[in-house]
């Protein structure tokens, strides 16, 4: 039955009436307006690319379409009827299937079951028919060109790329009319991407409506028929891709003169403060070597999953390395925990704010003072006055918006949480600060504050490593840029007349 | 002001003690102006009894009559009770002498020891292997009886061979497992002696379930009402017990006597226990109420209606 | 490593075989089929209970109230039987399962609708149910002479050479196997434990799955309430006191992960058997029963350490050469 | 949100909002105080024997030992772990003291051995949990059997008794009039634990770990070390409790303190400590200990069977936790 999804039976019809259309959809999270009055149409037999910067609201829209989130307002129409999608199940039943950005699968279940959980084939007693399920799973994988994946294997034993293929297979196993793919290629190799594109072509010819999200323009131009651009939660343009050059779309995406929001600064670069050489990890990165100079902002660019976070976490003591050395101010260091790195003067502002950054449940001032407790307390005894003044100093410099320092950080907006996180590490008075996606998912105003503050930091002779996947940010802030690809350094550039295309090519491994 | 006597038992919800309570209430009625507080912990632990004794002290009861879960652990709190002027006696399962004024054994320890062996031997003219399934390994009374039984074995019952002593903790499951273990590890076992009302039922049930009626005889101390069916089906020939109603009656009677000063607990004293008769205290201030009474096919029907 | 993970049950079988072999060395009759059948029969109730507990643990919850539920349900059905000996036993069994399930549903509702952690809810109902046992019985107990012969006899009867009690266990094992592996409900219980947020994406109501698991564990505890009182022919307040930890221990030894999502019917059954063999064999081979506790404690620790090794999370791999290797 | 404006003069953020009385009134501790007062009043009305210095003193014995363990357990649970083996540690520590007694140890030696055994047991738990990364609930179910099992192996059906008279002071002695040594120790320990949890950087780290172990680690908190210390502390307190109980009973059996672990945890949870970690206070735990002591003692005075009180405690546990949730559902504001 599901295999029908993969056999072209109907001829592709170039229908002009959308199969799915969305209008006036808004969605807010505490402190963040993720979507505002957006619209979107998907047409049968066509691929629509959804384009937008990080945090533009793409994934939020996907979650609304798959019944995970409920929109605050707006309307969803499928084939002309207005529908409600209160649960993931309801979305399935309306023929919507999705490959989500994060692989939301079950590590301890088999591949076959991951593909068919919730719609497994049953025998005539109503019991799940494992034999058929396995056979079907093999067939789906086979059709996708992922026949090398064992349907009986436990998902946990698969690499990330194969996990992603399973997620694709799960989406394909549902006999859906509408297929959504949120950055499906992020974790795939070139060959696998090729196979995925074949599959998409096939789905197109089968008359499915496809929503395709990617940050890679070569992919978008290769596979998509239409585009829709989101910027900061709003729909700013849509149309046929064929008559739209890339630079116009980029302008729509970014939507503002980039140099306006980035602070002007006159870098005063000093001597080398941090030098890393030959840093390797058994599975994550290899032979990483670079130098960071005083008063410098060193940008790390790469596609999501290039391994930048892992390198930074190794430098900050969170990850063990297998080889290589780190020297700070000329003295070799080998931090074995975050505590040791902080003591040495290297701090890491993590990427996953919710999980690694803020301690929700504790008030703002306690979050800020956490890494500096040894300084604010006296022989182990807390001194609240010290903590408050420390917290005030740094949060006010970052222009934090909060009603009091005793407020639970969990009640702050994402951008303000990020400010607390940055304040917390700044309060340790580091020599080197590593910011991993410092403005991920925060609003424009907060972004400007963070960028302004970064400029202030380097002006005070601090050294900054900034990991970012946002081209404007990399270009607007860095003195030098290191591009990483698949766990290795792919290129190093001086940020003088550097253009986005060069970086993208280096990151994707396309020869200039 | 009426005399308040607390009857503290090992645990509530136990048939034997409920019967004792019946006797205690009878004694209260007979003595007049006596209030009996029947209480005990839910699980048979010393800690639970200590909490209860503490609250009894606070209530200013006149006397505490306790069947103890542990002979030693209760001593400090009972001493405290005596310091506050409360009469303390133990009955059924005793407390170390420093923790009470007197102890009432249901029966003479040596006599019980001999009786439990005799119950088995009577039906084993050829002799053979027997094993003991006791209650908890810390139970004072059971241990004393087993000691006494072992003493009489060589001279009076030379043909009886005691092969094992195991403990079922007065827990049905554990007793069942232990009884099965005995049967499995001693193929020639002729009798299981369980000087505990919980263990004896468990053992008889095992013998019944494993179709060993006629091969293994279960005997020991049993409440007739609980045990009747096993006499009827032949899993057991005969068991013994004293009258728990009389025991509760006597405990309250003695506690009342000492608390009101009518009697004095000292070695050699002869104390009245009303309709049950009279006891004499030995040099540890212990006394025995009555010889154990045997139940078999001829009389179990009648007694099972009483207790 | 992964082979070991896959063969958790095989490891247990090997451990049990070794255990039986060691016991047989000291006591040859132990390995006789009749005796092994008897051990199985003795362990039946623990096996059934462990299966119910497994369903709950799989959803990242825990049911500490099972033993109390068993005591309460056992008491109610014993009282029913004592007062209305005419009610046929199959009805009594249904009553037991219904009462047990209702008690389980009470736990489940608190977990589902109020979001109170399962350990807190069942810590509370652990004492409530046992207290209620005392109250419904009016502080007394029900013993053999108040139970009808059929009530006691049913599980002792034989069918195809095995006691009916063993058949209860066998049917429960088969039923659990089918439910846990072959029905959407069973699979959703696993899915919720493996990854609750992914379960939401797959259209599963996480709270409802937990509720169902609690109903299952309650129903099973109720059934065992009847089996227990008719087996030991006594219904009293302290029945199965503290047994909840044995049940959880059986699950843990059987490889059910306390973090949810991992565990199998075979594992839970073998874990129960392992404990059952220890408790029945020690008296037989003349090892002081005082060793029993320390042995099962060691077995639990060994099982956790082994399982943790096979569950070690495997990270994502970026370097292509590392993934190929 | 407002537009891009880099405000020259940053606005001042107040340290805290004017502490609203409402917050204090609706706090968990306030709820517990109300419950405690209510039970006190009910007890006084229901039994003429309750309001009496000696009664109130006897009452404290119902909770001091468990309460001592609950103090350390509260910290452990706040950090996101749990220890089910505390009662077994009591048994093993008591057994070790008994063995030492046989070998002729004097009172200070006995105390040292009891506390030392507890500490070692706690360290063993801590090592398994933090060293091997095992879930504490399972580890301590295992060590619970192991520790008590060892006590059973050593003692079997025997008992150790004959502790020296000076040893009796810990569980039976009075410091002043009706104030027992146990109560004094409990109050002193409560003060120490309150101080450690709420006034030291160690306590702050405990909260941080319980709320978000990953972020705490990233912030330089040595999670494993803190948790290891907490397991040691819990073991240590179980050792202290073992000294008290052994002294109070004057003897050692392997079955000593059976089932205490669940009562201790009930106390901690009733005291408002989140079983999921990250929240709780020592004041709450002390109040919960007091409440449990008053409930059991009060019912005892009325000669209500212990099992009936346990229904009450179970209901109290669920209600006290459920009511605020239901309250929020009915009248609740949406989270900000």
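Annotations
Order of writing sets the labels: A, B, C and D. Residues in every chain begin at 1.
As a convention for this text, a residue touches a chain if its C-beta (ideal position, glycine included) is under 8 Å from a C-beta of that chain, and two chains touch if they have at least 3 such contacts.
Nothing here was measured: the structure is a model prediction, and the numbers come from that model.
Chains that touch both subunit B and subunit C: D. Subunit D has its Cα centroid 38 Å from the Cα centroid of subunit B. Measuring from the averaged C-alpha position of subunit A to that of subunit D gives a distance of 43 Å. If you average the CA atoms of subunit C and of subunit D, the two centres end up 30 Å from each other. Those residues of subunit C in touch with two or more other chains are numbered 130, 134, 139, 237. Counting partner chains per residue, subunit B shows two or more touched chains at residues 12, 42-43, 167.
Contact between chains, as defined at the top, is found for A-C, A-D, B-C, B-D, C-D. On subunit A, the positions that touch subunit C within their shared complex are 66-68, 87-92, 100, 104-109, 113, 117-118, 120, 126-128, 130, 154, 156-157, 159-161, 189, 281-286, 305-307, 310, 486-487. Across the complex, subunit A meets subunit D through its residues 30, 261, 318, 337-339, 341-343, 348, 350, 355-362, 365-366, 370-371, 373-374, 376-377, 380-382, 388, 392, 395-397, 399-400, 402-407, 411, 413, 415, 424, 443-446, 448-449, 452. Listed in rising order, the residues of subunit C touching subunit A in the complex are 2, 5-6, 178, 181-184, 187-188, 190-191, 194-195, 197-205, 261-262, 313-320, 322-323.
Those residues of subunit B that touch subunit C in the shared complex are 11-15, 18, 42-44, 166-167, 171-173, 176-178, 180-182, 184-185, 187, 201-202, 205, 209, 225-226, 228-229, 304.
Taken in their complex, subunit C has these residues touching subunit B: 27, 29-30, 35, 38, 42, 130, 134, 137, 139-141, 143-145, 156, 232-234, 236-241, 279-280, 282-286, 289.
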